[in-house]
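Each in structure tokens, the structures are laid out below.
Both of the next two complexes hold subunit A, though its partner changes from subunit B to subunit C.
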Partner chain A sequence: MSATPVVRHRLTKLERAEQRLGWALLAPAFLLLVGVVLYPVVELINQSFRFNQLTMPWMGTPFIGFDNYTKALGDPRFWHATLNTLIFIIVTVPGAVIVGLGLALLANKPFTVKWPVRLGLLLPWALPLVFAGLIFRWFFEYNVGLVNAVIKMFGGQPLTWLSDPTLAMIGIFVAIIWKTSSFVALVLLAGLQTIPKSLYEAAEVDGASSWQQFWEITLPMLRPAIVVALIFRTITAIQTFDIPYAMTNGGPGDATETLAMYIHKNTIDFLDIGYGSALAVLMFVVSALVTAVYLRHTQRNPARVAT
Partner chain B sequence: MTMPRFNKTAVLWIAALVVAVNGFFPALWILFTSFKTETELMRVPITIFPTAPTFENYIRVFTDQPIHLFLWNSFMVATLSTLLCVTVSALAAYALVRLRMPSPGLILTTLLAITMFPLISLMVPLFQVMRSLELLNTWWALILPYAVLSMPVCTMVLVSFFQDIPAELENAAMIDGCSRIGALWHVVIPLTAPGVFTAGILAFVNAWDEFLLALTLAPRVSARTVPVGITLYQGEFAFPWPIISAALVIAIVPISILIAVFQERVVGGLTQGGMKG
Partner chain C sequence: MAGIAIQRVVKAYGSTPVIHGIDIAVAEGEFAVLVGPSGCGKSTLLRMIAGLESITDGTIAIGDRVVNDLPPRDRDIAMVFQDYALYPHKTVFENMAFGLRMRKSPEDVVKRKVDAAAEILKIGHLLQRRPSQLSGGQRQRVAMGRAIVRDPKVFLFDEPLSNLDAQLRGEMRVEIKRLHQQIKTTIVYVTHDQVEAMTLADRIAVMKGGYLEQLGTPDDVYSRPASRFVAGFIGSPTMNFVDATIGAAGGTIRLKSGVTLAVPTGRHAELAQLAGRSVVFGIRPEHLSFGARGPDVVGVATKASMVEPLGSDTLVTLSLDGAEMTARFPPEAGVRVGDTVELGISMSRFHLFDPESGHALAVRPKL
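Entry: the complex of A and B
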């Protein structure tokens, strides 16, 4: 970067007053952040180095160094939950982006009546995750679920969807991808609408097929939006909780348990604040890395997505 | 190469149908399910439309489970957290846009980064904090975190709307004896009403949908929000699907109407910045 000469002028009295007012207006936001995020985070890190089981209040909360962390390293259930979370990320993030891209391409057609398509994309986004989980749990029900009914209609054998470890994972994939792909589609649709029509017209003149147009124009032009969607989905996928909670509650056994669910279980069910905090810190570190990538990306690209 | 007219229309219809069916089908299926009797629901082969439609499930939702209480809790938590969030965000956004703050971009990024903190990590200490403040199972345990949850979206939406208001309008108001805050309230907010509204809807939906914190910080039946209340419905032996489906319909309808009425604003707010890059 070349240094541009900066003319430092002294702030006038009015400007200083304005700046003071500015800080005053920002104060409520910062106060909320301190109370709801910063202080809890400090407390989280503090607790992660302590023995703190609410079931044993007489033990107090002594400092135990990295014991909670080393406990995690030797805890097979932690590793299993981490592996499951990783599988959910690897499958559902690209899955949602691919399905979302398909939906966005379909939704980008020049409809005269736009609301059915727009609402078709908005409704899955607006539903609570647990509702999607409950609905798909009903779809995958063994006896009277829709999925097995369709399988039987085609002469197949019904599957024990949510009580088989592997099939349960697949059922959860489907629910997560259905629920999250519509938000991805909305983001990508906004991206599609910024691609100049003239590019396609020129390609048409040159005789490019629609397949070539997709690979040569649509995908490259959509790249920034796809990257944003990927990173965004990853940040939420790290925290996967609601849908498996509603569909299987981590079962059968702990076959579909995610890291978020294991943290919740340790804290709320086992009341082991120390261990739960250590696991939460580990998750935070991973999430922070992805967030950092996201923020770097948005600062280089004006394209921003909110939610 | 031009496609025949019929083909083009057919493609449009198929595209619209795929997107709409994908979006509506699960909710519609639940709607049909909610009018079926328990015996019809357990019968094989399954039916699509209810053969003997009944309202019984809707009555039982209110008699077996206090869903009205869940709806009330959800409504109040979502409304109050939205008001808090939009107010705080509007003040912050105004300061960032108008008041010569040093590096407003950095402040906005910090805000974003802090609020992207995984909820599950916040859940553990928030549980502790709310417990010691004796706020567990109260609306406040959820209102404060939800307001923060939606602060980045709201602030970003409002910043982009505020930027479009010419400063001269406020200056004129201030020459007429309005204070800064007066100008914000009487000039900027009315002119950016659509933006304020968009921010509000997004905050409301976020709060209405949230599950993890609601489950952790307000699990008692009297304090449950709708997502927690419905998910934790437990029958004596099996999951009570007829009641669940009716409850889901009751919970989905209000949010669907909200989304349907304000769909353009919601889409605009969600894809804020509109991929300008």
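Entry: the complex of A and C
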């Protein structure tokens, strides 16, 4: 903001009419945002400060201050779910970016027949999350699953994929990376296609091998797209729900339970609206922080981002 | 340094040939320009020399080594691209050092060579900037700097000036010429701009539709064009062409419009063998004069239909009974549209072409 004092001048009739029209055109979008974003968020925060258990309607919804939050901080299951979510972020975000980069590089090759690559790229992205979860639940199923069938084919012992805490996590990692890497690949492919071909030709004339071209040109030129993909992927990873829900429902025990699942369990299964809301607010704060990092990144000087 | 031998080189994409067997020998230290309209195959030929396009048939040799199957990095060439192809995330220094570093040159050598090249191109003060912080002309210099630090056998330029504005293009043209005089490396330079070709080249290769139309010095292609295409492509404004018939014994040329021009006796013998033939008569605007004065100049009555003042000259389009010719007059002529003008045609400077094949028929001897 500049410090220059704003000189207010009387608006002409035409300017006033344009201003009114401007407000009128903005109003529907503004009202919609208030209705579907602002109101729910305010209501969520409101509920998080109340006792509200639908199993005990006679208690009413009294204001209890930070009680729900103190309860969360002392709740080992909350911490376990948070830890699981963190592990999912640490493993599946870089995982999806690496696999997505590979897919994008593949899709960027000048294939004569393009549709199989495009389909392979778009299909995981187009599938609903729960559906992807169900597919992988079948893949990792003990008796009839594909993975155990392959293990048996090579003479190995079938593994109890979804009922062993560690193996269940690994199974979910694979499913999440498979499902989300195609989105990353689409973002990175768009980035790859903005790199001029002549840079590679110049590098080739300059004596760079393919590997050197990847390190010296592709990767640095793709950095802005990779950062965007990382941030988007992180925001969705914080909210990881559908795939573990469909594959293990958090099990065995709460071994694969994420924060979003624990929130769901409290509000929908245990009908504890107040506590669930407090947990949701905590998750919202973390998401908002990551989003802020993203906004800071995109608001930087575009010329600097590009170079 | 090395010469380049291009022998019967063919390029085809699938079954579509785009270059039909071209032979060009570029001497060591020579500045060769490939010129022609878009799609003539000049860039493709350059990229084949660079190794960025495969060679369908024939051979290309740099020095005495056939390079057909060598990757670009082993051909000891450097190339300046139309869009400069500077690495945007690297500084000017890193851009220029890239080729040396990829070849594992020691850092002190890299520094010395980059500084020397920067000195030649006067970009020493820009070494720590990024390409996005440079003007078009500066980027162009960096691109050339990146080429010269490598000290290659051959420089390849692919329309390097076409992204610059007219004034800068003129300046950089001079720079490139000076650079060549200084470092004397063999250069193959592609352009669609005939002015660049004429001013820079030791020899010009005029290409059209994948064929070599003419290979010669700038004076050759200007004064003795091998075809109607070359005649029309080189020179601005373009050469005037009028359908005509050669009179008996080659003593006259009768233009389609009905005007008969007397041929100077010196060229009778040359034209005698064409007597009675239909030809295309060609004459450059600068060989038409305001008024008929001087030896071998034939006067014709014409009417001015368009006047384009350029300051130093005035281009006047004149009609002679249906045929049109553009002449370059001094501004003092003061011709206005509708004026009747006595046009002087310098009959020692005309060209004749075959109406079907476009080949030059009478080759004017060197003056």
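In this text, the second predicted complex is superposed on the first by the 285 of 307 C-alpha atoms of A that agree within 3 Å, B and C clash if a C-alpha of one lies under 4 Å from a C-alpha of the other, contacts with A are read in each partner's own complex, and residues count from 1 in each chain.
Heads up, the rule we're going with is that a contact is a pair of C-beta atoms (placed from the backbone, for glycine too) under 8 Å apart; a residue touches a chain by one contact, two chains touch by 3 or more.
What you are looking at is a predicted structure, and each value in this text was computed from that prediction instead of being measured.
Of the two partners subunit B and subunit C, more subunit A residues are in touch with B.
Look at A:284: by the touch rule set out above, it reaches subunit B but stays clear of subunit C. Legend: residue contacts after superposition of the two complexes on their common chain; A:118 is shown touching subunit B, with no touch to subunit C.
Looking at the shared chain after the overlay, A:212 reaches subunit C, while subunit B stays out of its contact range.
In the superposition on chain A, A:109 makes contact with subunit B only, while subunit C stays out of contact range.
In the superposition on chain A, A:246 makes contact with subunit B only, not with subunit C. With both structures placed on the common chain, the touch criterion links A:176 to neither subunit B nor subunit C. In the superposed pair of complexes, A:93 makes contact with neither subunit B nor subunit C.
Within subunit A, the residues touched by subunit B in the first complex and by subunit C in the second are 204, 303, 306-307. Within the complex formed with subunit C, the subunit A residues making contact are 196, 198-199, 201-209, 212, 216-217, 220-221, 223, 303, 306-307.
Contact residues of subunit B toward subunit A in the complex are 1, 11-12, 15-16, 18-24, 26-27, 29-30, 33, 41-46, 87-89, 91-92, 94-96, 98-102, 107, 109, 111-129, 144-145, 147-148, 151-153, 155-157, 180, 202, 205-206, 208-212, 215-216, 226-227, 230-231, 239, 241, 244-245, 248, 251-252, 255-256, 258-260, 263-264, 266-267, 269-277. By the touch criterion stated above, subunit A contacts subunit B in their complex at residues 15, 18-19, 21-23, 25-26, 28-29, 32-33, 35-41, 43-44, 47, 103, 106-107, 109-111, 115-139, 141, 143-146, 149, 152, 178, 182-183, 186-187, 189-191, 193-194, 204, 224-225, 235, 238-239, 241-242, 245-246, 260, 263-264, 267-268, 273, 276-277, 280-281, 283-284, 287-288, 291, 294-295, 299, 301-307.
On subunit C, the positions that touch subunit A within their shared complex are 50-52, 71-73, 77-79, 81-83, 85, 87-89, 98-99, 102-103, 130, 132, 146, 150.
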